[in-house]
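Next, two complexes with subunit A in common: one pairs it with subunit B, the other with subunit C.
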Partner chain A sequence: MIDELLSKELETDALQEIPINSFSNDLEVLKKLRLRYNDELHKREVKIYEELAESLFEVRLGKYLEDGKGGGSFDSFVFELLEKIKELYISLLTGNLVSNNERVMCKVTKKVIVDGRTLDKGDIAFLPIRLVVPLWIAEYIIPCKLVDN
Partner chain B sequence: MFKTKLRALKRLSLTQKQKVLVLDDSGQIDLGFCQISLYKGSENEVPLWLAKELERLGKAKVNRPSLEDLGRLLFQEKQNVNIPASILKLDKDFYLLSKFLERELKGSNSLEDLEKLKRYYSVMKELSTIRLRKIIQLALLNINEQNLISRMSREEYLVYQTVSEIIKNYYGEIVGNSS
Partner chain C sequence: MENFIKDPSPQDALKLIESLYAERDLCLSIPYTPDAILFSGVIMKYFKGDFFISFTENCETKLIQRGKDRWISHRGAEVYIGNSSFSSTLPLSKDDLTSILAGVYSSVMLERRRLTEWELGVVEMAKDFGVSLEKNLKIPSYNELPLFLSLMLSIDPYLQGLTGSRENSISLVKEIGLDETTKLGELDESHLNTLLYRIMMLVTKLNPKATRDDVISDKVFYMGYDLTEVAMAVSFFLDNVGSKALIQLALTPSVLEILVEKTRERLAKGFTVGQVYQKGKFYVVETSLPSPMLLSIVAQQVEGKPVKPVVIKLGNEYYSSKYFLESAEEGLIRVDIKD
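Let's look at the complex of A and B:
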């Protein structure tokens, strides 16, 4: 159960390995609770589990930020995304992106429509930074760097 | 991380089972992971979040420390105020359970309860301050006996862990000796 996962996470310094099958049975119970009941008591119960999940996320994120180690768990995708965001953040602040005001030069790797304009594979475009992050994560673009590390 | 962990601990405490005296029939409640039967006059163990809801609805009363219990604890804790290892054993959810008494006194209109509420705040302040001093001392002295740790509430243990970690990092990362 989420409370046990959170309790374990709080007891240890290192990130715990949490395979998805370790809580898949609990998911069925929680799905039933959500679908079967609509009264205030059960809404409160679901809220309790949501808050536990939120805390598990926060505690694991805190550990990851302190130690830089993640992976091996159901939520390794979160840490992979954070690595990308961190990389972009560092490049942006240290002048390693080809940029113009708040736009960053990017190479398009998959056809995509941005703000009504079609960008084809191989195109080069200056995109707003707020769009660069999700499009890069979804692998539609690659931000152009001055020097590749 | 302290605030994040404290929030997590508080949320975790809400899932811990606590004793309640059932004041009114609620019948059987399906909580998904377990079923609970609550019938008037019985004593049951229910998750704290449910206990809070039931008490709010006047259907149960959570087992909590009384003002006299708190006074006794303070008196005993004061006996060896400068000996950290003399720290008394508290319930893991002592501070959360004490809040039920605070709420009860706050909700009352009687002058007597107002006086009790003042006394409650004063006792809790003194008790928590004495214990905090002992806990910080235990961490500073690097005393990590399970016997002592098991006497702390969840929040107090978090303070102990945090201070210990600061000291460990101070010597390990700053001074360069993690002994």
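Let's look at the complex of A and C:
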């Protein structure tokens, strides 16, 4: 269960590899628990699991930020996402984005509708950075770097 | 849609451009040219909402170019600006003058045309901001560079044997009785006449009907930059880096110095211009210079007419530019042509 995952994670410096199938049976139990019961006691039990999950997230996030390794686990999507945010953050702060005030120049990589407008691959969008992140993660756009690494 | 009989009225574009700023967000459909991209960059610079540039006709605001004719349309209103560049219709300001002039002159250079009356008027007004205009040889940056380097960098006129060749350009300068450091402004009348004669010889070899008007034109200078070299730099960067370089120029005009410096650095290393020939629908230029747009200017002179699409043959590979091809890619685009 999550408490075991957390204990193991706390015992080591490196990120533990946690494939999703290693706790899929536990997930079924928790799903049934959530569906079957609605009393205060079970709500508190669920709350404890949620707090454990949050702690696991924080511990693993801390470790990832420390050494940048996080592949092969059920939560690698978090680290991939963080990688993109980190890349954007560094580029923004070091003058490698084509930007104007809060808007960043992006190239459209596949057909997408933004603000009701159809944009084709190769078109250009100047968007607020808060919109750039989700669209980039969904692989609809790429922020334009002044100099590609 | 367009009225071909109507006279150009670029002066009407200003009101239309001002109305763009009332939009919550804006999408511009534009052709992939340095002029249209710089125009868009300047509009975007002051626009408050989300801003889009499309290279298809998806947007309600369009910069339309057919041959040398241009229109700007927005929500049903349309202004025909004739042969004038899009950038020449932007509100004139000191902050955007570099981008405006780079847009104007890249259009003039790539289409091998003279400044329109409207564009000359813009240049005239820009004199208040330090722009100067003189009639002289078309070779780039002759006030700043030694004559041999200006000759070597000249793509219009294309000086067969001199363009791209440091050695041959230095030889010519020495034959005239000058040295590697001499600038055009230091030539006396006799040297000047000899130089002009030698240039005309080369130009008439390609085009027997060429006159002095083919080698002498209105030259525009701003902040020490020759707009011919600026136009070369924005075209070279569009070919090699893409629209982001030109958008950055519109946002931060001082980067022009870097664009000019890097382009000059590359061209001054020397480059070859070999055969120009037609292969299927393409005009091929054999060269070592990675810039289909710049080489298209040479191709126009060799073929004696506007030519499109142009591909360059670098080594054994063919490359072109989004300027000539419908492509989602930017930069040098590899083209598959069978030998």
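Worth a mention:
The rule is short, and it goes like this: the second predicted complex is superposed on the first by the 149 of 149 C-alpha atoms of A that agree within 3 Å, B and C clash if a C-alpha of one lies under 4 Å from a C-alpha of the other, contacts with A are read in each partner's own complex, and residues count from 1 in each chain.
Quick note on the criterion: a contact is a pair of C-beta atoms (placed from the backbone, for glycine too) under 8 Å apart; a residue touches a chain by one contact, two chains touch by 3 or more.
Since the model is a prediction, treat every value here as computed from it, not as a measurement.
Model built by superposing both complexes on subunit A: subunit B and subunit C fit together without a clash. Contact with subunit B, but none with subunit C, is seen for A:48 once the two complexes are overlaid on the shared chain. With both structures placed on the common chain, the touch criterion links A:142 to neither subunit B nor subunit C.
Once the two complexes are overlaid on the shared chain, A:90 sits clear of subunit B and of subunit C alike.
Angle at the C-alpha centre of subunit A formed with the centres of subunit B and subunit C, after superposition on chain A: 150°, rounded to the nearest 10.
With both structures placed on the common chain, the touch criterion links A:121 to subunit C but leaves subunit B unconnected.
Closest C-alpha contact of subunit B with subunit C, superposed model: 39 Å. On subunit B, the positions that touch subunit A within their shared complex are 1, 4-5, 7-9, 11-12, 14-15, 29-33, 47, 49-50, 53. Partner subunit C is touched in their complex by these residues of subunit A: 98, 100, 103, 105, 114-115, 117-128, 131, 144-146. Residues of subunit A that touch subunit B in their complex: 1, 3, 6-7, 10, 26, 29-30, 32-33, 37, 41, 44-45, 48, 51-52, 55-56, 58-59, 62, 66. Within the complex, the subunit C residues that touch subunit A are 25, 27, 44-45, 50-56, 58-59, 243-244, 247-248, 251, 322, 327-330.
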